[in-house]
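I'd like to ask you about the structure that follows.
In order of appearance the chains are A, B, C and D, and numbering begins at 1 in each one.
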Amino acid sequence: MTATPERLHPTVMAMVVARDFEDGQVVNLGVGLPLECANVLPPDREILLHSELGMLGYGPVITDPELIDPFVTIVGTLPVTAQPGIVFMSHDESFAMIRGGHLDVAVLGGLQVDRDGNLANTQLEGKPAGNLGGAPDLAYCAKRTVVLMFHTTTSGELKILEACTLPLTAPRCVDRIVTDVAVMDVVAASDDRPGEIVLREVAPGWTPEAVQAITGARLTVADDVREIAL
Amino acid sequence: MTATPERLHPTVMAMVVARDFEDGQVVNLGVGLPLECANVLPPDREILLHSELGMLGYGPVITDPELIDPFVTIVGTLPVTAQPGIVFMSHDESFAMIRGGHLDVAVLGGLQVDRDGNLANTQLEGKPAGNLGGAPDLAYCAKRTVVLMFHTTTSGELKILEACTLPLTAPRCVDRIVTDVAVMDVVAASDDRPGEIVLREVAPGWTPEAVQAITGARLTVADDVREIAL
Amino acid sequence: MALVHPRGPRLIDKRIATFDEAVADVPDGATVHFGGFVSPWNHPSYLVAAVARQGASGLTAVATAMGRGPARSDEHSMWYPPERRPTDYFDIGLLAELGRIRKGITSFPVAARHSLVYPFEAQLARGEVEVEVTGQGSLAERIRAARAGIAAFYTPVGPGTAVAEGKELRDFDGVPHVLETALHADFALIRAQRADRHGNLWFRGARTFNETMAGAATVTVAEVDEIVELGTLGPEEIHVAGVYVQRIVERPRTAATSWEQPQ
Amino acid sequence: MALVHPRGPRLIDKRIATFDEAVADVPDGATVHFGGFVSPWNHPSYLVAAVARQGASGLTAVATAMGRGPARSDEHSMWYPPERRPTDYFDIGLLAELGRIRKGITSFPVAARHSLVYPFEAQLARGEVEVEVTGQGSLAERIRAARAGIAAFYTPVGPGTAVAEGKELRDFDGVPHVLETALHADFALIRAQRADRHGNLWFRGARTFNETMAGAATVTVAEVDEIVELGTLGPEEIHVAGVYVQRIVERPRTAATSWEQPQ
């Protein structure tokens, strides 16, 4: 019996997502893990980060109180950097931008994702209601939706499933799943075949079999599956 | 046989309309006669004039080329005065403002008005299509719609009718009609009686009978009908 | 030749001296839009506190989030050392805690962590209040529709999820859409940085629901950091035209330390 | 630790050197939004002229008015003495006169006087072109809906008149409404006063359809008086975020005197 291989650090997970942003893309980062992407982008690259509050063009999170501008914050009232060209707008305009298909990528956290690309990420167990926030619009309307999450819950429950059991945030919306052990693409169902999840990359030390063992949906292993590299 | 009494000058017609604006009201003036209201408002009164182009708070038309700002113009590219507090906006916001019921008064020109308060003012005879412009939104959505027009056409045809014959701009929208001979209110139809046009004021020298004689709808003469005064 | 008004002109002046006056007529059972996005710098704190003092109850509150309440209000500025955190942040969790909210229409009804329970959430779990959870995009558009005189609209966001249940679905270009209706309020309580006496508003930073809600209610009241002379705000820089705003109130120069202090 | 892009960063730069390049790919049969409100100061004259030179035909033109054409273009600035009237005002009447427009979607299809006939109107009378006349409010909202991802909406304006014929009617609160659909275009050609390389735009004066159309097309091209350094336009003063704009072109310092001059 071999030791369980190490899982990726959250910063590296964010880098795996940010690696694939193209210059000039408009990207919305969800709270928590996804926001880490803001901190790993090279300062000389122009990726326009969008915030639902009504802001486009922010940069890394600021931790030094002396540098904070309290009017430049994102969800959770987190202070961030104002990049040159930053624009402020209203909530309705911010969501017109999302819903109108003007965002290239949404990176969201996830509680569950299934092989049809359904996403559940708003309803915490035991809570009397879910926090939808802007997730339904982002997940459904961004040109590309990436879910960045730990592969399993802290108590080991599976999160990538044949079919979500929690209330859906948005249906058939996920294009890619990046976790602490793998990178997977969701291939949408078509008339003649069901949706599938294709395993593209595995974390160092992980085999496709080891990833499959902690995944609740059957994975299709890509012919060119390889180790995650930045 | 007595001589036909004189008709009011367009400037006086505009003053009859402007007389009834309340301080602070938001008013849209149509092209032509209605726009004259902008020129007769006392400079120390704050009536906010709205233009569909996306402007709120303009003042009199400017004729001296040295005083013109070509970026402060209304329909017809007419240069107007920028009053303190003037705001510019987009066309969609300008019409959100109209449709959302935020305008107190719309003063519009008219080709025909009928006793149900229907308005026709966009389709010129002989033209292959009508110029709707912003009239449908203004006529239907302003809290109060005033039609300012000559009582009859230049060739003597009647314009105030039992029922409009030209294509309607908006149905059941007119509250008041001000012409060069009279001031009339349209009382909307209710379940138990049809709409009616009430004659409130007549121009100096005019009798209710003389006004009725050039009106295609039966007028109800108000008990307190009086001579137009400013 | 110009008309002279017999009474003499009455200038437009939407300034109200106190927050208490500005919300005095909010009735029990009112629907109220609350602007901002859970930050001391964009939430209408003094208006919330004034509503709390005024006592209106049975409110339907439309807001991004239902608030943390006074006990946790400084969590929103945790990145500042304690001495720099605003003492005058009163979020609508205060109204929830006082039992004034009957129903919430919101995107964030609960705390984001298992370990936290906010006042509205606790009442919801006990069945004391109602909630209508709406994604933020549809909530923003429903409020904008109220301002813009649009009765209802079809959005692609919602079909296939709980928010579309019981609503009309229709395909456009083969994509399912759901019909959402305008969300008008009796009062909109918002926050801006600058205003003039016409009610023209200017905002620093993301304008959140503060811009969206202006004009989407019968009475819009703006709490502002500063009232400036008419003409100071340039015609191209005004974000909200004064016609959408009925009342403006300036925040005090000295921050309140309790919501109970009359302002 | 930060990612270094293997190719080196590529900055966002939406500047296009010439108007001819900026519209080179407008295909025959395209739907095109044209911004402005019949004024030399808000109409995208150089883009219109470039489309005329480029030759695309069978266009569906969405615009406030269908234009007067070159012969009458200086009527728009009659309040200036002749020597001060712009020589470089090219309205879409030019495209109509050249026979490039197959259909107009507009609020002002004809001249406002009996005695005047503009090019599009003449073609319409002869049955050579189609027209869809829409009130300006619904036209503006349909274009905004395209930008905002709203498929359709119910407006109270239209029922009881010709514009509602053949469309779905529905009552909301006892008031009849008509369903209007989003109006997307292949290209939006607009005019602004300032832009930066991100495509952020700033306007002088009423923003007309220029703001409304930005982002309501697959490709939005902005003709601007001046391109300024990134960061010059303040985050609170930008009217249109760059994401809605794909190309920007600066107007020449010396005004053209004919639409046929390549620019």
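Operating definition for what follows: a contact is a pair of C-beta atoms (placed from the backbone, for glycine too) under 8 Å apart; a residue touches a chain by one contact, two chains touch by 3 or more.
Computed from a predicted model, the values in this text were never measured in an experiment.
Looking at which of B-C and A-C shares more C-beta pairs in contact, the answer is the pair A-C.
Computed centre separation for the pair chain A/chain D is 37 angstrom, with centres defined by C-alpha atoms.
Once the centre of each chain is set as its mean CA position, chain A and chain C turn out to be 30 Å apart.
Rounded to whole angstrom, the centroid-to-centroid distance between chain A and chain B, based on C-alpha atoms, equals 57 Å. In chain C, the residues that reach two or more other chains under the touch definition are 141, 144, 148-150, 155-156, 203-205, 236, 239.
Of all residues in chain A, those touching 2 or more other chains are 88-89, 95-96, 98-99, 141, listed in ascending order. Taken as a contact graph, with one node per protein chain and an edge wherever two chains touch, the assembly fits none of the named shapes, being neither a line, a ring, a star nor a complete graph. Chain C meets chain A in the complex at residues 37-42, 76-77, 79-81, 84, 107-114, 121, 124-125, 131, 133-138, 140-141, 143-144, 155-163, 203-212, 239. Put simply, chain D touches chain C in their complex at residues 141, 145, 148-156, 172-173, 175, 177, 181, 202-205, 236-237, 239. Interface residues of chain C, counted against chain B in their complex, comprise 1-5, 9-12, 144, 146-150, 196, 198, 200, 215, 230-231, 235-236, 238, 241-244.
Of all residues in chain B, those touching chain D in their complex are 31, 51-55, 62-63, 65, 68-73, 75, 77-79, 88-92, 94-96, 98-99, 118, 124-137, 140-141, 167-172. On the chain B side of its complex with chain C, the touching residues are 11, 15, 18-19, 23-24, 26, 40-46, 48, 56-57, 82, 84-89, 95-103, 141, 230.
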